[in-house]
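In the two complexes below, chain A is the common chain; its partner is chain B in one and chain C in the other.
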Partner chain A sequence: MFVNFFRSGLSRRRFLSSAATLSGIGVLGATLPRKVFAQDQVVRVGFLAPLTGPVAAWGKPGLDGCMIWAEWINEAGGIDIGGEKHRVEFIPYDDEYDPAKARAGATKLIREDGVKFIMMLGGDPWPGVQPVAERTGMLFSTLLPSDLSPDTTTLIAPAEVHPIYNVTGVEWLAETRPDLKTAVICAQDDALGLPSVATYLAAFEAAGIEMLEAPILFDPATTDFAPVVTRMLARNPQIVCLDTCYADYVHPICEQLFQQGYEGQILSCTADFYEQIIEKTSKEFMEGFVFQFPDFDDPELNADFINFQEPNRFYEEYAQRFPGQWGAVSWEYASIMDLWKAAVEKAGSAEPDAVLAAMTEGGTAPHAFGEARWWGRDLFGIDNALVGNWPVIAIEDGKARIKAFRSIPDWYDKHGELLKKHMAAYNQLWDQRS
Partner chain B sequence: MRSGLALLAWIGVGVALIALPHGLSFSQQEILVFLTINVLLVASYRMLTLTGEWSLGHVVIMGVGAYASALYSKHFGVFVPAAMLLGAMTAALIAMGLSYPLFRMKGFYFLIGSFAAGEIIRLLWKRFREPFGGVKGITGIPPVPDVNLGIWDFVFFDPISYYYFVLAVVSFCLWLMWRIERSPVGLTFHAVHWQDKLAEAAGVNARAYRTLAFVIASGFAGLAGALQAHYIGAVNPTSFDIEQMVFVLTWAIVGGTATFYGPILGCIVLTVLNEIVLRGLGFEQTRPLIYGLLLILSVLFLPKGLESLVGRVLPRRATSRTRAIIGAEEKA
Partner chain C sequence: MIDLIAQTGLNALYAAAYLSLVAVGLVLIFGVMGIVNFAHGELFMLGAYVVVALYAGGQVPYLAVVAIGLAFVGVVGLLMEWTMFRPLRDNPLGGLVASIGFLMILQALVSMGFGVRMAHVPPFTQDVIAFSDRVRLPVQRLIVIGAAVVLLGALWLFLKRTRFGWALRASAQDREAAALQGISINQTARIAMFIGAALAGVAGALTAPLISVNPHMGHSVIVAAFIVIIVGGVGSLEGAVIAAVAYAFIHTIVTTFWDGVIADIVGLSLMLLVLIVKPTGLFGTADRA
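Coming up: the complex of A and B.
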C-alpha cells in the first residue's frame, strides 16, 4: 500500500487536495479561541511521573489534580515572585516508571523547558535521575521517602512519608477495636511492598496484635490471588492487612476475600477506586474497611489546621472533570505545590536552592494535614521528609470517611526503635539499600 | 568504481553519525544514547533468530550483562570497560548454561522455555538482596571514567561523550556480527534455520550451531546491558521484564529479520516515533494507543517489515543474498 503510494507519485489533484486540507487545518487552528492570561511571566514546574503503564494510577491522577491547582492559582493572579506575578505552567513527562526514561525526562525538563522544580512519584526511576539532580542542583520531590539518603540533598518528600503513616491506621484500629488481636499480611515483593511490611509489623507489635504467620510476599506479576487469600484465611485471622498493594492487587484480593467468605477486618494503605470494589463485592462487606487516603469532600478537612486550599471544592471539581478517578495521589502533588508556592513567595525567588532554604527554614512547614516537621535522619539519613498528622479513613455506608487524625511523630517517639528493628530486618534503612 | 562509491557512502554515514548529536536537543541526545544501545540489543537478537529460534529471555540476558558488569566494577573494583567485557562474557556463559536444557526444545517450546528461564533469573535477582540488591536492584554503579584526549574531553555523564563511546562499541559489534553472518558459520546458521534436516544430513550439528548463535547473541546483549548500566548508574529487575522484551520483539517484527538492517530499522523508526514524534506532538498519555495502532497497521500493510519497503523502493540495493533469504521466507 505504502509502496503504491510512493510509486504513484504526487498527482496535481492529490497535491491540491492535500494542500487545501492542511490550509484548512491551519486556518481553523488560528481562529480557535485562546485563553488570554494577564501575566506575561511564567514559572514552569516539571511533572516527571508514570502517566502510562501499570504504575500510571499513581502519576496520572496527580497530574490531573495539578492542572486544576494551576488553573485556580492562575485565575487568582498567579504566584508572587519578588513582587511580580507569574503564571504557573506544568510540563509533564511520562517516565513510564523507568530510570532511563526518567533521566531523559529530567534532562528535558531542566535544560530545555527551564523548569524550577520537578515533582516525581519516585521509586525505580529515581536512581536514573539522581546524577542529574546532583549536577544541576534542581529541587525534586518524591512521594516515596525511601528514595532519600544523605546524598539526596535536593530531594524532598513533603507530601507523604510512605509507609510510616500506616502506623496511624493500626494505632486507631487497636484503640477502637481492642478485640482484634491477630493479623496476617500480604504484599507484593517490591520497593513499595517491603518497607510497608516492616512498618505494619512494627505497628502491630506496638499495638499488641499478633502476627499469625510471616508476611506473604507475592510476585508483582501475580494475577491470580486465590491461593494467596486461601493461605491467609487458613490461619483464621481477625485482621487481613493488604499492606501497600497497588489498586490492581487490592481489587482482586478483596474480591477473593469476599468470595471465600471472609467477614473480619480489612486494613490497607490505599483503597483507590473503592466504589468499584463495592460494586464487585457488597456495601456490607466493605463496611469498616480501614485505609489512609481520604476523599477530599470529607467535612473533617474543613478544620482550621488543614492547610490544603479548599479541599471540598477541589474534590468536587476533580470529580466533575474526571469522574470515578479520584485516587490516593489526586491531591498529593497539588499539596506539594501549595508548599512550594508558599516557599517561593517567602524566598522571593523560584531558584531551587532559595526555595529549599525557605521551605525548610525553622525545621517546620505547613503540610496538607497541619503543621509538620522536617524529619527522617534515623530512617533515611537526612531530614528531608515532612511528617506530622495523618488521617485514618474507614468506609461507612459505601463512602470513605475520616475517623481521626493521628500524629506520626508521637507514635515514632514511643515506638521508633520497633520501627527501626523491623526496617533493618527487611534491609530498608538507608545504609542498607545498595 | 562501485566499491569506491560504497566507501564514500560509509564515510558519509560515519560523518553523519558523528555530527548527529550536535543537531539534537539535550533530551534527544539522551534518547540517542539509549537508541544506540538498543540497536546493539536488537541486532544481537536477530543473530539468535538466524537459526530459527525466537527467545523471550533475551532482555533478561541483557540484564545479566548489566548486573554482572555492575557487580564486577562496584564490588571488585574492576576497571569499568573491563567490567563491561566481563559482563558480556558472563551473559554468554549463562546462556551457554541455559542452552543445555533450552535446546532440548524447538520452536514454540523453546520460546516458552526461554521465558521461564528468564523469569527464574529475574526472581533470583529479586530474592537475593546480596549481592543483587533485591527489588530495588543495584544503584551507585560506577560510570565510565572520564578521558581527556586533547581534542575532546570525554565526560561520560554528558550524553554526547557517552554516545561517541557507545557508537564506537556498537559499530564494532555490528561489524563483528556482520562478519559472523557472512562467514561459513553464519551461512550454517541460515542452513540450520531453513534446511535443518538437510544440514544435519550433511554433517552439521544443528544443536551446536543453535547454541553457538544463542551464546554469541547473548554476549552482545550482555554488552548492551553493561553499556546501559554504567550510564544510568542503576539496574533493577523491572528494567528487564517481559514488557521490555515485547519492545525488542516489536522492533524485530516491524523492521523484519530477513536482512541485517531490518531490526535496526525497526528499532530506530519505532523509538523515534514513540519517544520523539509522539511526545513532541503532545500525545504524552495516548502514546501507547497510537503506538499500538501503528503496529497493527504496519503488520497489516507491511507484513514483511520495513525492510521490505526499503527493498522495494531501492530494489537495486538489495543484494542477491537478501533476495534469496526473503525468497526463502516467502516459500516457507
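Coming up: the complex of A and C.
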C-alpha cells in the first residue's frame, strides 16, 4: 500500500483513506491494554515448598498469596528491569518437605525453567538444596533463618526470623499479665520445633517465667495428644506454650487442653485456622490466646510504617478466592516478592548477584512490618536475616487482633546472650548444625 | 499422682481401642489371604474422610456416618480383593506391592478431592465425664472405646459361633485343606477383606473428630499396627488385641512420664525383643511367622 501510495502520487481520496487506516491502527494500539506489551518478556520465580503432606499448610497458602501478588503486579504493568517491563510468572514445585525432592526441584527450576529467584519454606529440605545453591549461585529465600550459614551467601531470610520473633509474644505477655509466672512447653522434635524451643526458653528466662519442667518433645508422627497434654497439665502451669507446632498439632492439642479442663493462658507461634479451634473448643476458652501471625484485615496494618501493598484488600481478595485458607504464610512469600521486586528494579537486572547486592545495600531494607536491618551474624554466622518489628496477636471475641508491634533487635540487644545459651544447648547455632 | 495415673489409664484405653480395631483387621486379612496389606492405613484414612464428606460437609448425623464409613470402606476392601489380591493370590509379594501402589492411589484421590490440608471435623459432642478436676473422659473418646468393645466382641462371636466364621478360621489355618472340605476360598477372602477393611474404616470414622484428618494420616497408624501384630503374633486375632492394649498402655505411660520420642523407641524395642525371644510373636504359630 505504501509503495503504491508514493508511486501514484497523493490524491485527496487516497490521503484520507490512508490517514484513516493509520489512525485506525493507532487507535487500536492505544486501546489495547498496555500490559500486553509489557508481557512480551517474562521473569520466572521458583516456588519450592511443600504443597502436599503434613507441612503443606506452610507452603500452599503462600503460593496462593503469590498468585494474587503476581496478578496485581502484572495488571499494573509488570516489573521494570532496565527500562523494560517484564511479566512475573511463578513456577511451583512440590518438595513435600523432603530434601531429595527439594534438590531435584531446585535443579529443575534452575536448569529447565530458567528461574531467577527461588523461594522456599526451608527447614528439613534445605540441606538437599544447599549444594545446588552453592554450585549455581542462585538466590534463594527461606522462612527459617536457622537454615542460614556463611557457607551459602545467596540464601536470605527476608520475611521472618523464625523463631526469634517468638520472644515478642513472651515479652508482651509478661508485661500485660505479670501474674503469670510458670510455664510448660511442648514441641515436635524436628528442625522447626527445636530452635523454637530454645527461643521460648530464652524468652521465658528473660521474662522471669519459670519453666516447670524440661520441654516435652513428641514424634512428628504423633496423632493422639492426650498423653502429652496430661503430662503438661500435671504440673498445673499458668502458661501452656505450643512452640512452633504445625496446625495439625495445634488443633488437637488445644482440643485436648479444653477437654482436660485447662483454663490458663495459651501461647503459640501460630494459630492457623483458629476459627476451627474455636469450633472445637469454645470462644471463651480461646479468649486471650497469644500468637504471632495477624489476619491482614487488621486495621493496625494500615499504619504508615507497614510495607505491604494494601494488606486489607489482599486479605479480602485471598478470603474470597480461598475461603477459610488464610494462614501464617499466606502473605509472607508475597512480601518477599515485594522486596525482591524493589531490588530488581533498583539493580536494573534480575540476575541473582545483582539483586542480592541491591537488596542488602546500606544494611537495611523495607520489611512488611517496618524498616528492618540485615542481621544474624551472632546466630547464623551471616547477616542475611532481615530483622525489625514483629506483631503480637491475641484472640479477642473470636477474632485475631494485633496487640502490639515489638522490636526483635531491641530484645536481642538486652537478652542476646540468653538466646545464644539456649540455642547452643539445643545445638542450633549455625556452627553446631551439620 | 493418683489423678495423673487415672487420666493416663483413660488415655491408654482410648489408644488401645482404635489401635485394636485397625490391627485386628490387618491380622484378619493376613491370616485368611496371606497378604500384608500396606494400604490398611489408607483404609483408616478413607473412613475418616467419609466423616469429613458426610458429617462435616453434609450435615448427616454422626453415628449414621460412622455406619456408612464402616460399610463404604468394607466395599472398598471387596474391590481390592476382587481387582488386586485375587489375581495375585499365589504371589504374596505381588499383593504387597499392589497394596503399596493402591495406598498411593488412595492418597492422591483424597488429595484431589479434599485438598492436602488438614480437614476440619467439628466435635460430635463436647460432653465430658469428669471424675475429678484432673480425671476426665470426653464422651467422644468413650464412644470409641465402647464401639471397639462391641465390634471386636461381635467379631469374636462371628468367628466362634457362625459357619462363615468357622470357614474363615479354617482358611486361616490351612487354605488348601479348607478348600478340600468344600469351603470357598474366594468367599472367605471376600468376607475377610470386607471385615478387615470395615474395621479400619470404622476406626477412622470414629476417631475423625479427635485427630488431624489429612491424606497422609494412615502412615502413623499403620506403623503402630505393624508393631502390634508382630508383637501379638502375625495371624493371631487374640494376640493383636492383647498386643494393642499392651502397646497402647506402654506407649501412653512412657509418653506421659518420660517422653513421646522415647515412647516410640520403647515400642520399637519391644517389637525387636519379641522378634528375638519369640519370633512367632506372643500368640503366633510357626507356620504363619
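Methods note: the second predicted complex is superposed on the first by the 396 of 434 C-alpha atoms of A that agree within 3 Å, B and C clash if a C-alpha of one lies under 4 Å from a C-alpha of the other, contacts with A are read in each partner's own complex, and residues count from 1 in each chain.
To be clear about the criterion, contacts are C-beta pairs under 8 Å (C-beta built on N, C-alpha and C of every residue); 3 or more make two chains touch, one makes a residue touch a chain.
Being a predicted model, the structure only gives us computed values, none of them experimental.
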Open item on the list: Based on the shared chain A superposition, would you classify chain B and chain C as clashing or fitting together?
Closed with: clash
- [ ] Check the residue A:D190 against both partner chains and state whether it touches chain B (first), chain C (second), both, or neither.
- [x] first
Open item on the list: Tell me the contact category for A:F405 with respect to chain B and chain C: first, second, both or neither.
Closed with: neither
TODO: Return first, second, both or neither, reflecting whether A:T52 touches chain B, chain C, both chains, or no partner chain.
DONE: both
- [ ] With the two complexes superposed on chain A, say which partner A:D219 touches: chain B (first), chain C (second), both, or neither.
- [x] both
TODO: State whether A:K60 touches chain B only (first), chain C only (second), both chains, or neither.
DONE: both
TODO: In the overlay, answer first, second, both or neither for which of chain B and chain C A:N427 touches.
DONE: first
TODO: Check the residue A:A100 against both partner chains and state whether it touches chain B (first), chain C (second), both, or neither.
DONE: first
Task: Partner chain(s) touched by A:G128 [first = chain B, second = chain C, both, neither] - done: first
Open item on the list: Applying the document's definition of touch, where does A:Q276 land relative to chain B and chain C: first, second, both, or neither?
Closed with: second
TODO: Take the contacts of chain A with chain B and those with chain C, and give the residues found in both.
DONE: 51-53, 60, 189, 219, 221
Task: Touching residues on chain C, where the partner in the complex is chain A - done: 4, 7-8, 11, 14-15, 111, 116-118, 120, 122-123, 126, 128, 130, 133-134, 136, 138, 141, 210-212, 214-217, 219-221, 223, 251-252, 255-257, 259-261, 263-264
- [ ] Going by the contact rule at the top, pick out the chain A residues touching chain C in the complex.
- [x] 51-54, 56-57, 60, 189, 216-219, 221-224, 226-228, 230-231, 233-234, 247-249, 251-252, 255, 258-261, 273, 276, 279-280, 282, 325
Open item on the list: Applying the document's contact rule, which stretches of chain B touch chain A when the two form their complex?
Closed with: 25-27, 29-31, 34, 123, 126, 129, 133-140, 157, 159, 228, 232-234, 236, 238-239, 241, 243, 275, 279, 284-285, 287-288, 301-302, 309, 312-313
TODO: Note which residues of chain A are touching chain B in the complex, please.
DONE: 1-3, 6, 51-53, 60, 92-94, 97-101, 103-105, 107-108, 111-112, 124, 127-128, 130-131, 135, 189-191, 193-194, 219, 221, 427, 433-434
